[in-house]
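Read through the structures below before going on.
In the two assemblies presented below, subunit A is common to both, partnered first by subunit B and then by subunit C.
Let's look at the complex of A and B:
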């Protein structure tokens, strides 16, 4: 028995060129099919993952915008921007954050600058500007530093009262941004276009800020349409 | 060998996809929980607002009267029904007579954990929401608000309320509510929330008062010269001055505090008179009339003015002016009587007019609440 097997094995001949070629073609076809399958899976995964990530980011941006605007007291001036027209002036919104500036406050006591001081006056320290920057695809928020991080001169300057004439003057946006105690922070990244609207609301309704943002990431684009209502609105400052 | 390699690569790919998907799923789930927690916190704030809007109505507000200032009410672990996984905590802290801080913390729960969010709002409870208000006026007689002319008349910035019939010739920038409508663009008083105005027998004459949780006695005065330039911070920090009868302002009297004339009038002569109360107090409580007793007499009242009588002149005087920033409450039971030859300007100020202590009970029903600040 063992002998017979040995005899048959010894009689097996090598593969011919044709057989080898056919086997190589079949192997290549199988590997190609598998590669195509993997590629398709990976691409679908990438797209799905990117889409999900953009959606997640959109949700975060929405929450951040809403949190920013719903604390605001009054929208002093705004520029609409555009989702479709890249040549339009960038969207921006200059607003009175809250009436909390406490000139006599102790900077070492954080509560002194977190408690409502209803003087009805708009100090520079109470303002903020949200602005879209198309070049960096970011939305920035400019706002004065925490009082404890300012020096005495900056604190005095931040306590300057801006009247409506100052608040509504468009040239004061760049003045505000250039103040030494005003910080620039990123509110959102990956924003390819932004549009704002502050519609006139009926007398018994509170003011709102509508925003449309186009978010891009890894080939996926998501558009966010949302609204933030000012929860503690005030009348136009004097 | 090749099959093994293929299976290995596929496994690595699968694990990578699974891992990434799990991470995204968790991030997405956490974000969703965050939104839910935010909703719970908003619900807590809404409940707090409802309680404040219904202070003194135990069927709607389980919260006891809070010590002023600093009294705190807390409610923890409140669910929103079995179908909504999570709870909220509510804290209401009294800051002053009419201001409260409402803090809501929402907890959204899932099998993998809990996410919390805290929101906070400073809220004012509002009383006396009208620039001119009469809740005891005669329902049989018609009150007339005089037109603005070169010699006087009434202009009002804010809403007007009268339970009796009203003929409005005055300049009013606001809504006018009246019972038994007579003329003008009037609205019915049905369903309108209004803090009832006490009559002269039940209005607070402030013989004693609470200021920052401490009880003080008002200073008795006979003449305007008895009133100090600034309140005595030890004995009468709110500057409440009670006159048993009529008090005369004689010109350039700048009163920092509250004037109460028990059973008497407030008479005005000279220019430059002003009355500026301490926050939380009315400017004047006059049992009878505000009377102008000389030509060109003026007074600025920077707060709530209560009168049991009328705005009048004691002679044919001209050029008299009464400016009120706050509100004018008419406590009498006849008609609202405003002298057409006195230039009366009333501007409603929500905060200055909101004085619950004007009622001796100190617990009138609020008419609304206002959120004055919001923190995330």
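Let's look at the complex of A and C:
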């Protein structure tokens, strides 16, 4: 019995320095490979999420701009802005949204202010301004509140008719923005530069609004260039 | 032995990771292609289908050298451009990534009915805008136009 125990003990021996070194190297290799794999998975995940976010944002911005300008009746005044020159005046577009203002409408009946009232007059309640703000990297839309959210004084003011002299006056942009019943909403975020173009189109062609935007996010910049054709354009208001 | 197994595992895992990265790039390109296609389609639909609203002639007239001179949708038949030298309607260059070039092509086909076959002239026109991405994927959008225009 004593003999057997002695024999087993004699066969067990500690690891040699060479064995220990090899096992350490293998452990280091495994850990290194696992770290590399972990990093690669994380990087692919990040890139994939960033790419999907950029693609979705570009599509969303395009859809929102198109929807905003397509319904417009007339582009009253606009400033081009610039993609490359940050000192240029910011891109903006002041337009007649639609001919729907119904002075006699019932504010509790939404349909009264959603159907066409073709009086050919531009009431302040029918206007909107799209403006790029470089500081906040956003594009804002300023437009009058829903008539049901206005008080009677605001509704009366929103029914004021602006003639072409008012609509084309550049100082009226700040007047419009400061009206108590005009709301400022975000049309798009993460826009580092914006440029607009309202070119003269050939006869019989409808007006178009071209927009070029630089979208930034997750360290990448994407250029979005698109166009909105006005579906129901009108002649220049009186 | 362990090192060999490790190398095989790393190579095996690197493949799917690379494919995932490629897939996300292609998704991004398809999104950009759709925006570019819609841009051109919006520009085209702003015009009447045919010259002066009546004369059917596919492709630009001899006096129309670039797209800013096209006065009808059928002038765009055969039109092609790339993001390498893309300009807006006022001839100002749009700066896209020059390493990822998208190519746009337009075809216009006349029809006598919305579902009919192509003819040389008709009351309807099918506009097809195709955009080829840097990875050679093709994104196509179509729109049916008519000779009649509505006045508001």
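We take it that the second predicted complex is superposed on the first by the 222 of 238 C-alpha atoms of A that agree within 3 Å, B and C clash if a C-alpha of one lies under 4 Å from a C-alpha of the other, contacts with A are read in each partner's own complex, and residues count from 1 in each chain.
We adopt the following convention: contacts are C-beta pairs under 8 Å (C-beta built on N, C-alpha and C of every residue); 3 or more make two chains touch, one makes a residue touch a chain.
Worth saying up front: this structure is predicted, and the values here are computed from it rather than measured.
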With both complexes superposed on chain A, which partner does A:212 reach: first (subunit B), second (subunit C), both or neither?
second
First (subunit B), second (subunit C), both or neither: which does A:15 touch?
neither
Check the residue A:52 against both partner chains and state whether it touches subunit B (first), subunit C (second), both, or neither.
both
Larger contact residue set on subunit A - subunit B or subunit C
C
With both complexes superposed on chain A, which partner does A:41 reach: first (subunit B), second (subunit C), both or neither?
both
After superposition on the shared chain, which partner residues are touched by A:83: those of subunit B (first), subunit C (second), both, or neither?
second
Which holds for A:100: it touches subunit B only (first), subunit C only (second), both, or neither?
first
Between subunit B (first) and subunit C (second), which does A:201 come into contact with in this model arrangement: first, second, both, or neither?
second
For A:67, is the partner it touches subunit B (first), subunit C (second), both, or none of the two (neither)?
first
Using the superposition described at the top, list the residues of subunit A that contact subunit B and also contact subunit C.
41, 52, 56, 59, 232
Applying the document's contact rule, which stretches of subunit B touch subunit A when the two form their complex?
2, 6, 9-10, 13, 17, 20-21, 24, 27-28, 31, 34-35, 38, 121-122, 351, 371-376
Given the complex with subunit C, which residues does subunit A contribute to the contact?
26, 29-30, 33, 36-37, 40-41, 44, 47-48, 51-52, 54-56, 58-59, 62, 66, 83-84, 197, 199, 201-208, 210, 212, 222-230, 232-234
Can you list the subunit C residues touching subunit A in their complex?
2-3, 6, 9-10, 13-14, 17, 20-21, 23-25, 27-28, 30-32, 34-36, 38-40, 42-43, 45-48, 52-53, 68-72, 86, 88-90, 92, 94-97, 149, 152
Touching residues of subunit A toward subunit B in the complex: what are they?
27, 34, 38, 41-42, 45, 49, 52-53, 56, 59-60, 63, 67, 70-71, 73, 98-100, 114, 116, 118, 231-232
